[in-house]
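There are structures below to look over.
Next, two complexes with chain A in common: one pairs it with chain B, the other with chain C.
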Partner chain A sequence: MSETQILGESIIIRMVVGMLYPFMVLLGFYVIVNGHYTPGGGFQGGSVLATLFVARYVVFPVDDTDSERLHTIQRLFLMLILVVPTALLFTGVVTRYPALRGPYLTLMDLLIGIQVGFGLGVAVLRFAFFQGVGKTWHL
Partner chain B sequence: MRRFLAALLVIGTFAIVTAVSAGNRVELEPYVYDYIVHNFEEDTGSKNAVAAILLSYRMYDTMFEALILLAAIVGMTQFLPRPGDMTGGPRSSATQESEDTTDE
Partner chain C sequence: MIEVGTLILMGVFAALAIHSPLIRLSVIYLAVFSLLAAFLYVLFAAPELAIAEAVIGSGLVTLLYLAALKRSHVYTIGVVTTSNVVTTRNVVMHSGLVSDRYAERIERSKAVQEIRDFFIRREFETQLVFLTVPTGQALLDPAYDLVLAEDGEDLVVYTDEESYVMVELELVFQMHDSMSKVKFIRYSPEAVL
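And then the complex of A and B:
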């Protein structure tokens, strides 16, 4: 991938995606954190967060992300998803202390959201760069 | 002929399954539905019954649902060609073997 091909990406796409980037983060975490009040939750918000990887790939299709490290983060959060309910919910701690209910729901939504975000991001990057070279498209 | 037999198999399976399910209709009593609708707010502190079911009543389901993503990524890691594999074109394994032998 040469420098000229990267610079050949449309400036409109680069500017628009750059402006949308913080709003995508905001929307993703909004959907995740409000999961126990409004429709949404971990899986949906995580999918929104995964669009960050897609947006970055559309603008800058270079394989400089270490997807193995992203996968390690995803596995770490998956371990937390398996450990936290086992420690808090199945032992009855959340049922016994009602003050923990809200924080528990928010924590689980956050863990699931980040795990799904990283997992879908790894999937997208693996499919995008599975030949070692990103497919550049010009809109 | 094979297509006709395949279509017959599909349609026949559909008809049998539909007939069996229509013949054995079981009226489920709405115990779980009533319980969750009336008690989810006190039980879980959630304002949203879907979140209550997903994160409290059916936590096992959510845990294993999250595991599916790991299985998918492990499968992709194993079955997608790695960056070096595709350089020789579609017959990369054969060409690579010949290259290996010539290198030695």
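And then the complex of A and C:
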């Protein structure tokens, strides 16, 4: 797809996605942060955040994101998901102070949400921009 | 009551997705199916699943399908059905429409199968379109990438002379030594005009 074709994408889609974008971020973080006492949680909010990458792809399908870096961020958060419970749960901090339970769950939801968001986003982007194994087709 | 209605609608959209002629349409039907499933989860008091289903089922997966669909190319082969090849065994035209028997015979013929295999090896889906217009008009139509016509026993393949894929196709037929059945005619769109 050439550059001119991208700029020729429907202006309605561009405007609507542009207007919805902040609300998608808001909804994603709302679902994540309130996950421990309302429906939702890390995975659901993370998938809402992943749709941000998808929305960007719909409006502007250019492969200019460094998916390797996004993948690294995702792996970093995956490591944190393992480290934080080890540090807080197994040392008995959360069980000793009941006031910490809410913040602990919110923190875990946030970590899971961001990890899932980046993970799904990278998966979708890699799939969408996959060019085959070094071949292009021309007719 | 609402649950039953939603379930029936889900069944309807599932059937539509299977039987719709266009893959693009099937993808949209699947998205609607997914949305109904999310609604059903809400009715069955599983809102967490409903959120996940709505976001992933009708959001991410639909886009993945559409992205995959954008990549698949469909190669349209026009088959010119001229009325002068009517034989006693195979009636080509039946009240202005191409008869099923004729279409089946063309589709099952060895040459068409070989053309199909050739394009499948290059990851192209092929579709046959039977035309009731004269050959010259079919050649001018940019919708058809390849035009086939029957000339007695032979099958004539009209190919664009600028397309190098057709050179490969011709070579494949020469290697399989079935050239006697298939004739290649190369044309340039300007010359037809």
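FYI, the second predicted complex is superposed on the first by the 130 of 139 C-alpha atoms of A that agree within 3 Å, B and C clash if a C-alpha of one lies under 4 Å from a C-alpha of the other, contacts with A are read in each partner's own complex, and residues count from 1 in each chain.
Here is the rule we use: contacts are C-beta pairs under 8 Å (C-beta built on N, C-alpha and C of every residue); 3 or more make two chains touch, one makes a residue touch a chain.
Since the structure is predicted, the reported quantities are computational estimates derived from the model, not experimental observations.
Once the two structures are overlaid, the count of chain A residues touched is higher for B than for its counterpart among chain B and chain C.
Contacts of A:98 after superposition: chain B is touched, whereas chain C is not reached.
Touch criterion not met for A:69: it reaches neither chain B nor chain C.
By the touch criterion defined above, A:54 reaches chain C but does not reach chain B. Contact with chain B, but none with chain C, is seen for A:37 once the two complexes are overlaid on the shared chain.
Legend: residue contacts after superposition of the two complexes on their common chain; A:81 is shown touching chain B, with no touch to chain C. On chain A, the surface touched by chain B in one complex and the surface touched by chain C in the other have residues 39, 41, 43, 120, 127 in common. Only residues 43-48, 50-52, 54-56, 59, 62-63, 65-67, 69-70, 72-73, 76-77, 80-84, 86 of chain B touch chain A when the two sit together in their complex. Chain contact summary for the complex, chain C toward chain A: residues 47-48, 50-52, 55-56, 59-60, 63-64, 67-68, 73, 122-123, 145, 163, 165. Residue ranges on chain A touching chain C, taken from their complex, read 31, 39-41, 43-44, 47-48, 50-51, 54, 57-58, 120, 124, 127-128, 137, 139. Contact residues of chain A toward chain B in the complex are 35-39, 41, 43, 63, 71, 74-75, 78, 81-82, 85, 89-90, 94-95, 98, 101-102, 104-105, 108-109, 112, 115-116, 119-120, 122-123, 126-127, 129-132.
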